[in-house]
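Two complexes are shown next, each including subunit A; its partner changes from subunit B in the first to subunit C in the second.
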Partner chain A sequence: MLLGTLIYGFINSCILALLALGFNLTFGISGVANFAYGAIYIFSGFLTWITMNSIGLPYLLSVFISILCAALIGLLIYYIVILRVKGLALSEVMATFGLGIAIMELFRYFDFVGFKYTLPVFFDGSIGFGEVYVDYQRLFIALIAVALTLFLYFFTRHSKIGLAFRAIAQDERTALTFGIDSDRIGALSMAFGAALAAIAAIVILPLGTIAVEGGYEVLINALAVCIVGGLGSTVGILVASVLIGYAQTFTANYLEPHWMMLVSLIAIAVVLTIKPSGLFSRQKELEERI
Partner chain B sequence: MKKRKERIDRGIKVRSEDIFALSSYREMIYLLMPRAIPVVGLLGIAPFLSPYWQEVFISTSIYALLAISWDLLISAGLVSLGQSLFYGIGSYIAGALNHYCGWSPLFTIPVATVMGGVLCTVLLLPVLRLRGIYFAMVMLVLPLMLSRLVEATRILGGTEGLPGLTPFPNQLIALYVIQLALLATLFGFRRLMASDYGLVLKGINDNDRSVMSAGLNIYLYKTQVLFIGASVGSFAGAFGTHIDMFAGMPGFALDYALLPVAAAVVGGMGTFAGPMLGAFILVPLSEILRALGALRIVFYGLFLVVFIVGLPEGIFPYVQRKYHQLERWVELE
Partner chain C sequence: MLSVNNLMVFFENALALNDFSMEVKEGQIVGVIGSNSAGKTTLMNTLSGLIIDMRIKEKRKGGERITVYGEVLFRGEDISETRPNERVKKGIVLCRERHPVFPESSVYENLKIAGYLRKKSQVREMILQVFDLFPALVDLKSRKAGFLSGGEQQMLAIAMALVAGPKLLLLDEPLLGLSPMMQNLFVDCIKSLRNESGITVLLSEQFARPVLPIIDYGYVLENGMLTLTGTGQDLMDNPEIKAAYFGV
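Coming up: the complex of A and B.
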């Protein structure tokens, strides 16, 4: 029982880290809290389903298409909406929130509800650790989460765009004097965040069905991890996802599955009350509270 | 004979704001008309509506109250993405008092108004020091958390809620009560913001640190504003729960959080009349679009985006400006 809880807690942590990576990337670089994040997640899940089942493309091609489309949507949201309200944090949040709800409810309107909306797993079967059986898909999720974290680490340190990302995040004005276009980088960061959401959707959604409500839960979970860890800090994300992941798994196993979502919500409320900048944040304290 | 154009409002503004001496009935009409429109429009039309549209007007007024309370909070720099918290708490208090104690709506609604205000204020007291987006995120999360809590602990009827509450004796009475409350809130809040007290609130919104350095305790002001806003929201919740004859988890639903924000953005923030106008545009519109089902929420979302990007000042300030710019022809001397 305990071993199972530990293993599943680790996998849950990986899921949370995967969900939060994209949200964190966009916020950390361009300072945009993308509240349409859950909508993009759900959108890429449904798009993969549509391209596979309605159009009949092979799985890998449809995965590729939906990641590209998600990135494109991120770009469009940035250039059409966010660029016009840039710097007004409240307007950004409300605009992306409204857009996210519009996208998600559009799927509900077109009746994308039911058990038939599932994505296939990458590998079928399961493996046993002692008495605990873990299916390959869950291991695959953990693998992807670790791989993506490593990829982002090297990408932001050893590629031109990645270095530009960090430059904008550290000091926008100085970065501008070096010829880095902050709007272009902001748009790219949004596209990267959206693509990460799509990747997360494609590896995580096979565990259950694709549902519109999932979008809201993804947003809450991503927010919880980012707030607990500190918005914009990658180390914080990893620590926070382990904390919340294990807390969720333990409550689900020893209390009731009902309480699982409550863990993220309480974590958000408590951390914002006590230390709003999060455990590992680089934001200035004065900006968020007086 | 030569003529030129002259702005109507210039002289009236000076005479009405500084020396309080109006010279003609025309000037009084100029000043009174915009204020009379909502009063006459709401109270005068009500008896002639069909029962169905009376119902729509009741729910519109409930949303308008939530939107006005949102507007008061934002005037003091408190961004609330969760008006459903106030609505849900108000509805649960009124519902529980009616369901378990059997009180009549005459008592449950006032009690829920005050108790809801106090409860929400106490609940939000620890996060009152947060600013902007951080406060907004707490407000977004709290109603979700409370509804999950009700679901998980199964208190107050759990997922089934509290059914069979006492309805109002007559729909027309209910309509008049809520409309009078709405008008009182609208004009009361506008008067409040025009006073010195309102000036401090605006100062907190513009630059809280400079208000602090003026020696004013901004937390005291924020607490008071939160209580007023939460009371209005709880009143809307308590009233709505007796209309629906049901108190339950839908009180914390996203509708009550999203629509007031959308109404305020569409109508124009910080004017109180704007959010009310926005509610009276969006809710009836969504009734007309009811056949489209879930598409209504899509429209709310898109309205929000289009107005934030396209017309950030909102409809009401735009109309107000045009009204002040009205001109007339006068002869050159």
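Coming up: the complex of A and C.
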């Protein structure tokens, strides 16, 4: 029982980290809290399903198209909506949240409801760790989460766009003096965040069905991880994912599974009450002080 | 190389620069001298194009209305409405005031970021060159820029501007917050930049004493207005400058 909880807790942590990575990336670089994040997640899931089942494209091509479309939607949202209200945090949140609701509820309106909306797993089968059996898809999720985190670490430190990301995140005006266009980089960060949401959707959704409600849940989980970890802090995100991931799994196994969602909500409430800047925001506090 | 004609900059209704004109010739070191809030930084932001970005961003959020009149010519071309990244491509690079470095990045990463618009091989070469100019940076290469001292940060800031490949280097108060010894070091460095690399330098400063000896031509700003111009020697001999900046 305990071994199972530990293993599934780890996988749950990986799922949360995967969900939060994109949201955190966009916020950390452009300062935009993309509340349409859950909608992009669900959109990618449905789009993959549609391209596979209605149009009949092969799985990998559908995946590729979905990730590309998600990135494109991120770009469009940035250039058409965000740029007009950039700098007004509340307007950014309201605009993206409104858009998110519109996208998700459109799927409901067009009757994308039911159990037939599922995505195929990458690998079928399972492996035993002692008495605990874990399916390959869950291991694959953990692998993707680790791989993406590593990829982002190296990408932001060794590629031109990645370095521009880090520059804009730290000091936009100084970055401008070296010819880095802050609007373009902001839009790219939004596209990257959206593409990460799509990747998360494609590997996580095969565990269940694609449902509109899932979008809201994803947004809450991503928010919980980012708030607990401290927005913009990648280390914070990883630690918060482990904390909330294990808390959720222990709650599900030792209390009641339907209390799982409460964990994220309570975590948000507690952290916002005690330490609103999050657990790993030492640097930010230092900045605020000076 | 650079001519500024009848430049006027308003922040809402406040006039930050009033009918300002100046000329910078290729290979010169030109100084803009003025006290706090004289309009030096506004001038630098206007020349580097940052003010265009500020204007757009303020307008988006319904903030301060920034208006710029007059013309800025760079090598005969009107660049008044050119975005900052385009100006960097043309070779106009600004080093902002108060040691603008990226505090969370290492010294080496800061230099790599500064070379954003250049080819990788060029950046690598330039980094070696600035390490020659500021040997102190070599040992600090993997330290986070936020943990450097003020003087080291200023070295890094100038090194970064150099990696960006300036033809006209704008230095906004490069001596601010530095010890007199450090100030002398930077003044020498600015001189050698012009003499050895042929970079034209326009610097703004409130410390007139260390700067006046090295400038070819100087402009004195007061409350956004040009009050005096002349060669470095002219300005040093001027009784008003002596009274206001040297305290004699």
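Quick notes
Definition applied: the second predicted complex is superposed on the first by the 281 of 290 C-alpha atoms of A that agree within 3 Å, B and C clash if a C-alpha of one lies under 4 Å from a C-alpha of the other, contacts with A are read in each partner's own complex, and residues count from 1 in each chain.
The rule we apply is simple: a residue touches a chain if its C-beta (ideal position, glycine included) is under 8 Å from a C-beta of that chain, and two chains touch if they have at least 3 such contacts.
Note that this is a predicted model, so its numbers are computed, not measured.
Partners subunit B and subunit C, once the complexes are superposed on subunit A, both fit on it without clashing. Using the contact criterion defined above for the overlaid structures, shared-chain residue A:A95 touches subunit B, although it does not reach subunit C. In the superposition on chain A, contact of A:S126 is made with neither subunit B nor subunit C. In the overlay built on the shared chain, the residue A:L272 is in contact with subunit B alone; subunit C does not reach it. An angle of 90 degrees, to the nearest 10, separates subunit B from subunit C at the C-alpha centre of subunit A in the overlay.
Of the two partner chains placed around the shared chain by superposition, neither subunit B nor subunit C is touched by A:N53. Shared-chain residue A:A33: touches subunit B; no touch with subunit C.
Partner contacting the larger number of subunit A residues, of subunit B and subunit C: B. Using the contact criterion defined above for the overlaid structures, shared-chain residue A:R84 touches subunit B and also reaches subunit C. Contact with subunit C, but none with subunit B, is seen for A:R166 once the two complexes are overlaid on the shared chain.
Shortest separation of subunit B and subunit C in the overlay equals 10 Å (C-alpha atoms, whole Å).
In the superposition on the C-alpha atoms of chain A, the part of subunit A touched by subunit B in one complex and by subunit C in the other spans residues 84-85. Contacts from subunit C toward subunit A in the complex involve residues 48, 50, 53, 57, 60-63, 83-85, 88-89, 93-96, 100-105, 109, 112-117, 160-161, 164.
Within the complex formed with subunit B, the subunit A residues making contact are 33, 80-81, 84-85, 89-91, 93-95, 97-103, 105-106, 108-109, 220, 223, 227, 256, 258-259, 261-262, 265-266, 268-269, 272-273, 276, 287-290.
Here subunit A touches subunit C in the complex through residues 83-88, 157, 160, 163-164, 166-167, 170-171, 173-182, 283, going by the rule given at the top.
Residues 79, 81, 126-127, 129-134, 136-138, 141-142, 144-145, 148-149, 151-152, 208-209, 212, 218, 254, 258, 261-262, 265, 292-295, 297-305, 308-309, 312 of subunit B touch subunit A in their complex.
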